[in-house]
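Which chain is which? They are A, B, C and D, in the order written, and residues in each are numbered from 1.
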Amino acid sequence: MTVPTPAAPPSGAEPALEVENLSVDLNTASGTVRAVDGISFAVRKGVTLALLGESGCGKSMTALAVAGLLDPVAEVAEGAVRVGGTDVLRLGRAERKRLAGPVLSIVFQDALTALNPVQTVGAQLGEPFRIHQGLSRRKAREKAVELMRTVGIPEPRARARSYPHQFSGGMRQRLLIAMAVALGPDVLIADEPTTALDVTVQAQIMQLLADLQAEHDMAVVLITHDLAVVAERADNVAVMYAGTVVETGPVHEVFAAPGHPYTRGLLDSVPENVDRGQRLRSVPGSPPELTAIPAGCVFQARCPMARDRCAEERPALTPAGPSRAAACHFSEELASA
Amino acid sequence: MQPPARPPLRGGRPRALAAAAALVALTPISACAVANSDDTGTTGGGEGTLRIVLAQEPPTLDPCDASLTATGAVVRSNISEPLIERDPTSGELEPLLATEWHRTDPTTWRLDLRSGVTFHDGQPFTAEDAAFSIDRAVHSDVACNVDGYVFGGTELDVQTDGAAALTVTTAEPDPVLPLRLSFIEVVPRTTSTDAKVRTPVGTGPYAIDKWETGVSIALRRNDSYWGDAPAYPRARYVWRSEPSVRAAMIDNGEAELSAALNPEDATEDNSVAYPNNETTALRLDGTQPPLDDIRVRKAIGMVIDQGAIADVLFAGLADPAAQLVPDGVVGHNADLRAAPPDFTAARALVADAADDGVPTGKRISLIARNGQFPRVSETAEALQYQMARLGLNVRIQMTDSAAHLEYQLRPFPKGAGPVALLIMHGNQTGDGAFTTSQYLLSDGPQSTFGTAALDERIAAAGALSGDRRQDAFAAVFAAQNDDVAQYVHLAHMRGLLGRSADVRYEPNSATGDELRLADVRPAHRKGS
Amino acid sequence: MTATPQDPGPTAQDPGPAPQDPGPAPQDPAAAPRPAPRPARWWTLLGGDRFAAAAAVVLGLVLTAALLGPVLLGDAAERQDLRASLRPPSLDHGVLGLLGTDVLGRSMLARLIDAAGTTLSVALPAVVCSLVIGSAIGMWAGYHGGLRESAAMRVADVILSFPSLLLAVVALYVFTPSVANLVLILAITRIPVYLRTARAEAAELRSRLFVDAARTFGAGSGATIYRHILPITLPTLLTVATVDFSFVMLTESSLSFLGIGIQPPDVSWGLMVAQGRQYLQTAWWIAVLPGVAIVITTVSATIIAAWARLATDPAQRWRLTAPRARRARANRGETPS
Amino acid sequence: MVTFLRKRVVSSAIPLLFVVFGVFCLARLTGDPVNLYLPLSATPEQRAEFAAANGLDQPVLVQLWDYLGQIARLDFGESLRTGQSAAEMVFAAFPATLQLAAVTMLIAVAGAVLIGCAAAYRPNSPADRVCSFLSMTAASIPDFWFAIMGVLVFGVTLGWLPTSGVTGGAEVWVLPIATLLIRPFGVLVQVVRGAMVAALTAPYTRVARSKGASEKRVVFGHALRNAAMPALTVAGDLAIGLVNGAVVVETIFGWPGIGKLMIDSVLQRDFAVLQAAVLLTAVTIFTLNILIDACYALLDARVRQAAPA
């Protein structure tokens, strides 16, 4: 497993994106529940942070909260999201929109529905230029063609007049990425960018992201459930469970010696980490309903190591070493096991 | 109603094409002007215009169709005039374009005509025009409605006698020929005998100014009219089929006069009631069991509560009836009165009939026409309910005019089963002969059955005149009730004429058929 | 390395709050391998939406009235009393006089209940017939395309071009007037609506992959339509049907206005409005009460249909939660279980 | 596009023949006009003569054949009722209906787009609830009831508007259009709202926002165009309904349109006029459908590339 070394850039002291104690509430029929509960992380330019977790753990909601794209039923309850030092949650709508694209950008999964079916891809790719640079339709189109060439779409000039449904899945994902990096943002959030693609295409897309990251010196937040992608493409990882971050740290350290039983469980469920002939283990049970988060540790119901203390006291995310942290009362015990 | 010569309107195709082209060209840009609309102000009247709202647009304005209600309301005595007119109140015949008439021998009548009368187009009125008008109505290919209506199969021969006199000869002696002639409107001899005319010329106090199809008919005063000049220089007819809208137009000052209002919408300010000579009745088909049993027919007559129907359903604008003609028509029998309902006796009659094997449970169709008179369907429901109380199986069937006519006229539809038809009869002529020959003769066009005895009495009465005629027809009506009972009479109706406070006009029994604009005067405070 | 077993399959939908919906009903299907924690409790959702709950109650009442009315009322709806004509609503004349009487002295309350049955027995079969026939032809046409599609569409055009009132006159004056004939006419005239909707949806689905897949596996066209096209088209068709429900009632009423609708002594709400229109100034209750009955029934049906569409669509279900938006926030982890 | 249009026009010919055939036969099913046009006391001979003069004594198939021949010569016959050319009567009445329908649809579509978008922007907010409730109510009010109430309230009680008629300025349009508008408007608001809610929560809308697009751009540039398809379908059906069904409004307000002409000719068994009226509305409806399909193709490339039906 090759892990890219997190090369701290010169301006590295200041993180490009810093999320602090972010909580998101969801309003449901049976009351308000907390979907994201006080999570924190930071990414510097040129660095990739993976948000790893099962579906429903709040990682996509975190991404939407950071990008300011939450649906009306969800709202940020507390916390700060600092992009280049500015807390975007305190900004007005218009100011925030000015940042969307040139500073902070997001790539969604399922590129078929993420592209507008009734507009040509040229128009959609040119839109950021029209919005933020006030370019004419024609000039925006030129820029779009350029972008398409950058992300490796053959015959970009002709295909700019095509519609999304006329592209393959991989090509559509390329278009989506092209749109996101059009204005060279400082921070790029990639929300499951390869979920809907087959494996060979996945690799191409991840490579494209890496190339673009290098080119634009972007901070990338990679949201995924795929341990392999994390291992290959991310510098740091934040493992999320039931709306909280349970462990953070450099990927190679965390994967080598997980400090949280949940991380451990995830790693054990991957075939390559299991000896031949041994049964594949998965984490037993399912995550708690958000309406029924227990008082103590969120993972206690599925934890092989759960004890009385876990039911009473929620473990805080405590540093374990210079760059790592885990939210488990017994993380040291786990590390030594 | 085309003459046999098939293509009478040879401009049809090019005009249609032009219309199509115009339509295509105009539609997108003309969204602010309705086709056919004119620009005579918001209410379409203007100073000195009398505005009348009818229930429907007249299908034609040809004077020979004046017996159609909507046509007559516009044409009769306004645009064209007959030789003789019948005073609706007294029932007497009055001179109009004919000044005098008398019988020269049993089959010949001679009429002296008024001189100094001109048509709207300036032609003088002569005996030739009068002869032409009679001939056109009775003999031409125009299929005049009045022909069958008053003349039936009567043979007529019309001769002019100089410019100012006319003789009419009939094959059989006809004591009421002048009355028949009062239905013929006089038109100039230049009028088409092939087709109906759209904008007729007459001698009346008003002439047609403009007929905008679907929108309105405008009349202007005929300044060379031979009689008294009418008060209003212009008149304008529009039509709305919804009675509440007609009432609203009077209330809102959009019209001065309106045809038939509903009692619910009528107030003292917007309407006036008048006897309209119409009588409602239920005609029982005496050829089909169980209605072929007179006990069943009489039982129905006994159970129907005419008083309650007249008071409640007709809102008091009707009197319970016991015969087909109202007071004022020759033959009206003042002794016949609607009896209060007698449920027990009626029930006994039906039980009696049932005991004799009459299939009283057989389904009877109670057929009425939508729009026949206000609250017609409620009336049908009331009749159905009251008949059902006798144990009869009655089902209501509401129809439109065409379907209703199928049941009303011979030959009757086959296989319809026993039918109780709700009819409304209006005797416009004032003579019982018209009613009896249509409704009571065994083979009368609108009669399902009869008796030989009654047929003889009707024939005998028709040849009489004066008081004897009155008594004979009165006896006929009494006999129908006692011996035939084809009809269960409901009520003599009164109409409601919409009338704004701005005009003075007293409706009479003929108002429904002819609305004389010349009789309408502004009220003391000048109309707005 | 591949994905962990709990993760969404390649067709996973929108990463927004939808799949993370913590509502009490079953979770999104992406998490299907997990055992559903609780049975579907639609009544809970219904209870959570006050409007939908009220609508359900109204519809329940109408249905009960239609079914039980004739039994409970006896001949109360037919009983005439000309002396009791046009009594306004009052408490003085017992239950039956509660809503006043019509011109024949019949109880308005009894007639409204009686009319509910007729109204529904016209509207429901008409809607169902046109829905079934129109959708079947439409999906068949859209699925096959080509000549069959063109032919079906032209048939729809022909039906649309026929004035329904001509059909109504024919049915009334030529055949015996009956509820069945009226249903037939209304059904025929509404078929094109479903035909066109179903065709459009089927034509779009035809091109989608999974139908192709089904086809290559040798499934017959009927089976493919039933299994793959119908489930996706149905929600739209049902929504159209609800809107049509009111349309059919109103058309029936308009036909009564023109004298060619339901014939007395049968009574429907539409006929009552049509007959009552002449009393608007003197006896408002005759036209207004049945009009209100039409309005609240159709509005309730529309609300329920909209609700059902959301409640059965996992990606949309969270929307049902919105009206409770600003509830007191639950503290972290202390939401009652 | 040109081939598409040509194909559609050609493929409409046979269905139009079916319409002619169907109306012809249905009309004759409604019974004999003879009684209506002759006085009650007309003799059987007179009736037979009238029937022969109007070709009504022939077998229906012969009549149909003659009629088809007439149509081929663009001769639509004469009205039994008025003696006028049927084509002339129909063409005189049609613009009134078309104008009414066009203005109504314009207002309905424009209003529904504005209100539907506004309601969909904050789904389930109090404002949205109110909009939805009012639009549903509007869609279920019987039109004649609304018309008569309008006449009584605005015409009589308040005196603001003329009760009916077509003569006058803009004010005569208000009540007929309001009556005609109420249902299409209610339905369209719901449809636009539903489609917009779906479009505004679609991923591509989120993508547009992530590009920093203004809300105006998101709503009108991205979502509305997607929502236009279902709205267009429904608007097309409603427009067809208006062309075919302005009967009630025309009857109440005395509007000289084709709906009134049609019901009158049905009730008067005026076959030539009925046939001409139905044929003209059928042609209009076919044209409308072709236009709607063309709009689809303009709006959505997927439709454009699929073989046009």
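Keep this in mind: a contact is a pair of C-beta atoms (placed from the backbone, for glycine too) under 8 Å apart; a residue touches a chain by one contact, two chains touch by 3 or more.
Keep in mind that this is a model prediction, so the values were computed, not measured.
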Inter-chain pair with the most contacting C-beta pairs: B-D
Chain nearest the overall Cα centroid: D
Centroid spacing, where centroids are CA-atom means, of chain B and chain C in whole angstrom: 48
Whole-Å gap separating chain A and chain D, where each centre is the average of the chain's CA atoms: 53
Between chain C and chain D, centroid-to-centroid distance (C-alpha), Å: 23
Between chain D and chain B, distance of the C-alpha-averaged centres to the nearest whole Å: 36
Chain C: positions in contact with at least two other chains: 14, 16, 169, 173, 277, 280-281, 319, 322
Shared interface positions of chain A, touching two or more other chains: 64, 71-72, 108, 110, 113
Residues of chain D touching at least two other chains: 30-31, 123, 148, 152, 201, 203, 206, 251, 267, 302
Chain D contact footprint on chain A (complex, rising order): 64, 67-69, 71-72, 97-102, 105-106, 108, 110, 113-120, 127-128, 131-132, 163, 165, 176, 179-180
Partner chain B, residues of chain D touching it in the complex: 30-33, 35-43, 46, 50, 52-54, 73-76, 78, 80-85, 87-89, 91-96, 98-99, 102-103, 148, 151-152, 155-156, 159, 162-172, 251-257, 260-261, 267-269
Contact footprint of chain A on chain D as seen in their complex: 122-123, 201-204, 206-214, 217, 222, 225-226, 299-302
Residues on chain C engaged by chain B in the complex (per definition of touch): 78, 80, 82-83, 85, 102-105, 169, 172-173, 177, 259-260, 263-265, 275, 277-283
For the chain B and chain D complex, residues of the former touching the latter: 1-4, 8-9, 11-13, 15-17, 19-20, 22-23, 26-28, 30-44, 59-60, 67, 141, 143, 145-149, 152-153, 195-196, 198, 213-216, 238-242, 244-245, 248-249, 251-252, 254, 400-403, 405-406, 408-409, 438, 445-446
